[in-house]
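Note that chain A is present in both complexes that follow, paired respectively with chain B and with chain C.
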Partner chain A sequence: MTRYFFKRLLSGIFTIWITTIAVTLLIHLVPGDPVQIMYAQSQSTTPEQLEQIRRNLGLDRPIYEQYIMYMGRILQGDFGTTIRGNQPVLDLLLVRLPNTLLLTTASLVVTIVVGVTAGFFAAYKRDTWIDSTLMTAAILGISVPSFWLGLMLMYIFSMQLGWLPVSGTSLRNLILPAITLGLANAASVSRLTRSSMIDVLTQDYMRTARAKGLKEGTVLSRHALRNGLVNVVNMLGLQFTYMMGGAIVVENVFAWNGIGRLAIQSIFQRDYPTIQGFILIFATVVVVVSMVLDLLYVWIDPRITYK
Partner chain B sequence: MPPLLSVENLSTHFVTKAATVKAVNQVSFQVNPGETVGIVGESGSGKSITMLSVMGLVPSPPGQIVSGQVYFEGQDLLKLPLEQLRQIRGNQMAMIFQDPLSSLNPVLRIGKQLVEAIRRHTNLSSADAKAHAIHLLQRVHIPNAAQRINAYPHQFSGGMRQRVMIAMGLACNPKLLIADEPTTALDVTIQAQIVELIKELRADLGMAVVWITHDLSLLAGLADRILVMYAGQIVEQAPLLDLYANPRHPYTLGLLQSIPRLDAAQQTRLRPIAGLPPNLANYPQGCPFAPRCQYAIDRCTTEDPTLEAISPEHQVACWVKPERP
Partner chain C sequence: MANLKPAMVADQSLEAITPPSRAQRLGQFLQALLRSPGAKVGAVILLLLFAVAIFAPAIAPFEPSQMNVGPALSPPSAEHWFGTDNFGRDLFSRVVYGSRLTLMIGLVAVGISMTVGVVVGLVAGYTEGWLGNILMRAMDVLFSFTETLIALATVAVLGPSLRNAVIAVGISSIPYYARITYGAVLVEKNKEYFRAAKTLGARHGRLIFRHLFPNILSPIIVVATVGVSVAVLSASALSFLGLGAQPPSPEWGAILAAGRDYFRRAPWITTFPGLAIAVSVLGFNLLGDGLRAALDPQQRQS
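On to the complex of A and B.
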């Protein structure tokens, strides 16, 4: 187990390292002169100033030197400064990151609660109207784009009913974006839970549990749910990655001050250092979360041993 | 002495949109306290479904008990509220199954699976229940029971897993243990060990055993009485020796003739029963064995024979009742 943990840690670090290379190349993969693009909106910048900036960013040197410089700075915690405002990128990202993590975690809770419950009942009441209603809702949930769902929820609950604020970053504001992001993923989780549970419910050990005279609730919660969740937890890692991606859209719809909103703003402003920092932080979060979920997976299913 | 278990006219069908499969048809038999009854028959003959019906464990839908009574100590289990039936299951009446690996929950430690069975039917504290679980594992001869109790099912061998299943069945000293082909998934040497173990426990605990198998020879030295099932019906029932010495249903005869014998002359061929059992979704008219029966007469294809006593303890459902050649 410890060995597996270190192997997983190494591969995580490797993934992040690959990301740093991609991030360095990013600037050069975009057509046009990066410095001119970055400062295209500031008409007053003189060609001399542009040269100065180019030198400051190290863009006048060969790519491998740029990469070594970039890595050197990253390892010291220096992610550069924003083009507009000259703020340290890392500080900006770290201030906003908790908001994004709060949103994705809340969404994950919505996903698990709604998705697992719906999938479980659909499986238990298989081939009844409950099953078909839930699964039809799931297909709708998968099909509806999250920005549309977000706007609809906002229209109904904020504008028509006036129950919840339209946008902003506070706990009351968390509800709508978390539901928006969570429901979309709940739909696919419910379908997976259903098929996984249908498999579990027909297993021999379910019959053994009933043969012991256990109450139906015990049979379902102790024997069915945990086995059914093995597959679901395995999928949650991927779901979380999608959710981080989805957060970018949802944060913008609800003006939630997370790193996703910052990323979109930076992209519009061609603020390369911020975009680079965002990608790096984003990749790190995804790597860490999927690692944690992998370990959870081992805990849930003792048959899995990693060597 | 009143019988411990009395099954009367039990019929269990599986109803789907496509067809109704008549898995068990008008089955009646009794099990006396402390008695071992063997139920023998081929796959799909209804032997497991009969006993699952007794336990109330037939998957429903699609399974349905369409008629009959199941008296356990005088109580009709089929009329009992589910909660009361659950209090009997795993307590006075326990069942162990064919494949011990799939029958144990893979993600729970075996200790937990034993303790939950014990605590469901007793008021033992969790520490006492654990001590009892260790004691049960020792009874089924699992070495290092105190350590092994923390293991998961996949860490046991097949034979050891079946021992765990048996320990679980014995958790509350049942009066009736239903063993559904408990040795089928095991090696022959392990099979013999499990049979010996159940014989030993039966003697110690004085419980009745219903042993379901497709292997008639396995029941020798184990069962007191044998029920032979074919196509969801009991076609013959008799005390063990009577059945081996004087089988009167052509199907029982066929089963006995397909067992290899040590005392047979060399070069003697085994005689398999020709043909296949009937499709239970399309139940034939007359005796279900008639199409495969070399003794069949005209009446067999039109009228289904019912069990008829040829001696106080020996019953056969056959119009011909041929003597062994």
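On to the complex of A and C.
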């Protein structure tokens, strides 16, 4: 376990380290002059000012020096400042990060509740109309674009019925985006749960449990669900990663003030310091959370021992 | 089997066990594929989609970007099936022409990710050793970044446009295809036929293209079919965010994004392109599921 932990930790650190290199190179891959592109949209800047900015960003130095400078600054918590407004990038991201995490966590709950329930019943009622209805719903769910689903839910529940606010960032506002993002992933989780439950339901120990005369409810909850859920927990890390990616789109549908919304704005404005900071924070969160979830999985299932 | 020398098939008793011809095998495969109702529906949807894309000028009553063909923001009617947008453009015509873009986006993006991914996976799996290790480590790192982040970073570098969105979506799925290919190559390499060919002194090129490639093709085809649906969804999301196709392009995500400003007054502008995306993606998903079942020997037996 300890060995597995350190191996996992090392590969996480490796990924984040590669991200820092990628993020430094990013600005050099931009076709044309990044400084000019960054400032093209804002005020008319004189060539001297552009030179000054280039120097401030360190873009006039060799790449390896830039990388060392960038690493040095990041380790001190300095992610640079935004192109417009000169605000510290890290502060902007950290203010919005909890909103994104709140959205992804709430969506994950929706995904698990809806996805696991649907997958479980489809497997239990295998080859009946319940199964085919649920699995038809699942493949429809996989095919619907999340941004469209979000807009349609907004139209029905906010505009027509007036039950929920259209957009914003409060707890009442969380409901629609969380359902949108959650349902989008629930579809694939239900398919995975179904196939894993079908495996479990045909095991010998299920027959044994029934032969012992246990009640059907006990057989299902103690024997089937527990074993079937191990696989579901195993996918949690991957699901969270998908959620983080999906959140970028859904945040923009509902004007939810998370890092995804900031990212899209900064790509529009060609605000490279913010884009760099976003990529770094996003990758770090994904790496850390999936590591924690993977460790949780090893801890939950005693059959798994990593050597 | 056509290239077997006459001497080898001269023995009449061999005829009984002659494997089915290519055409026969294709027939069997199609039968297995179309046995599932889902695959049938998927195939019909995709045939319709291709037909609409090819015959767009004949199907669409108006030019996709022609303004004021009707009153602006008018709801669906007999004359304008999907209604009109804020410029008085016929939405039905725009959605019909948009199918061309959607198919192009899906196929080109999958083409990029599949070509690069399969080459990386083949090279890594065939050579193993340090080169394979480095390649697959790189794919692991890319994989953990998630497709969305890779696509966003690519657009951030190249700038927003439909072309760049397609490239971004293509790049973002490379690790996926590389992993599938790599896994399949490792399995095939240890099979007897491959070892035999190797022992007989077959060259690298022959080993790879004649022996490995045909045998890893079926999982890749399945992944690519579903991959088109993923690519269409990602690219339309980029366009919806304003990072892909730009107005006045009739790309479905872009129409949807432009319609958001009139969402309250004219919800049909966002409804129909979204439905079109969902139905097309459903077609690829259903066919992909059917292919998986038909190509999976375990499921075929049952």
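Everything below uses one rule, namely that the second predicted complex is superposed on the first by the 306 of 307 C-alpha atoms of A that agree within 3 Å, B and C clash if a C-alpha of one lies under 4 Å from a C-alpha of the other, contacts with A are read in each partner's own complex, and residues count from 1 in each chain.
Basically, a contact is a pair of C-beta atoms (placed from the backbone, for glycine too) under 8 Å apart; a residue touches a chain by one contact, two chains touch by 3 or more.
It should be emphasised that the depicted structure is a prediction, and the values quoted were computed from it without experimental measurement.
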Superposed partners chain B and chain C on chain A - clash or fit: fit
Contact breadth on chain A, by residue count: chain C or chain B: C
Chain B versus chain C as contact partner of A:M244, first or second or both or neither: second
Partner chain(s) touched by A:F282 [first = chain B, second = chain C, both, neither]: second
First (chain B), second (chain C), both or neither touched by A:F268: second
Angle at the Cα centre of chain A, taken between the Cα centres of chain B and chain C once the superposition is applied, in steps of 10 degrees: 80
First, second, both or neither for A:V230, with chain B first and chain C second: first
Touching partner for A:Q203 - first (chain B), second (chain C), both, neither: first
Partner chain in contact with A:L26 - chain B first, chain C second, else both or neither: second
Which of chain B and chain C A:L153 touches, first, second, both or neither: neither
Touching partner for A:F14 - first (chain B), second (chain C), both, neither: second
Chain B versus chain C - smallest C-alpha distance in the overlay, whole Å: 11
Set of chain A residues, in rising order, touched by both chain B and chain C: none
Of chain A, residues touching chain B in the complex: 202-205, 207-215, 218, 222-223, 226-227, 230, 300-303
Complex contacts: residues of chain C adjacent to chain A: 38, 140-141, 144-149, 152-153, 155-160, 229, 233, 236-237, 240-243, 253, 256, 260, 263-264, 267, 270-271, 274-275, 277-279, 281-282, 285-286, 289
For the chain A and chain C complex, residues of the former touching the latter: 11, 14-15, 18-19, 22, 26, 29-31, 37, 139-140, 142-148, 151-152, 154-155, 159, 241-242, 244-246, 248-249, 252, 263-264, 267-268, 270, 272, 275, 279, 282-283, 286-287, 290
Residues of chain B defined as touching chain A within the complex: 55, 57, 59, 83, 86-91, 94-95, 97, 99, 102-108, 116-117, 120-121, 152, 154, 165, 168, 171
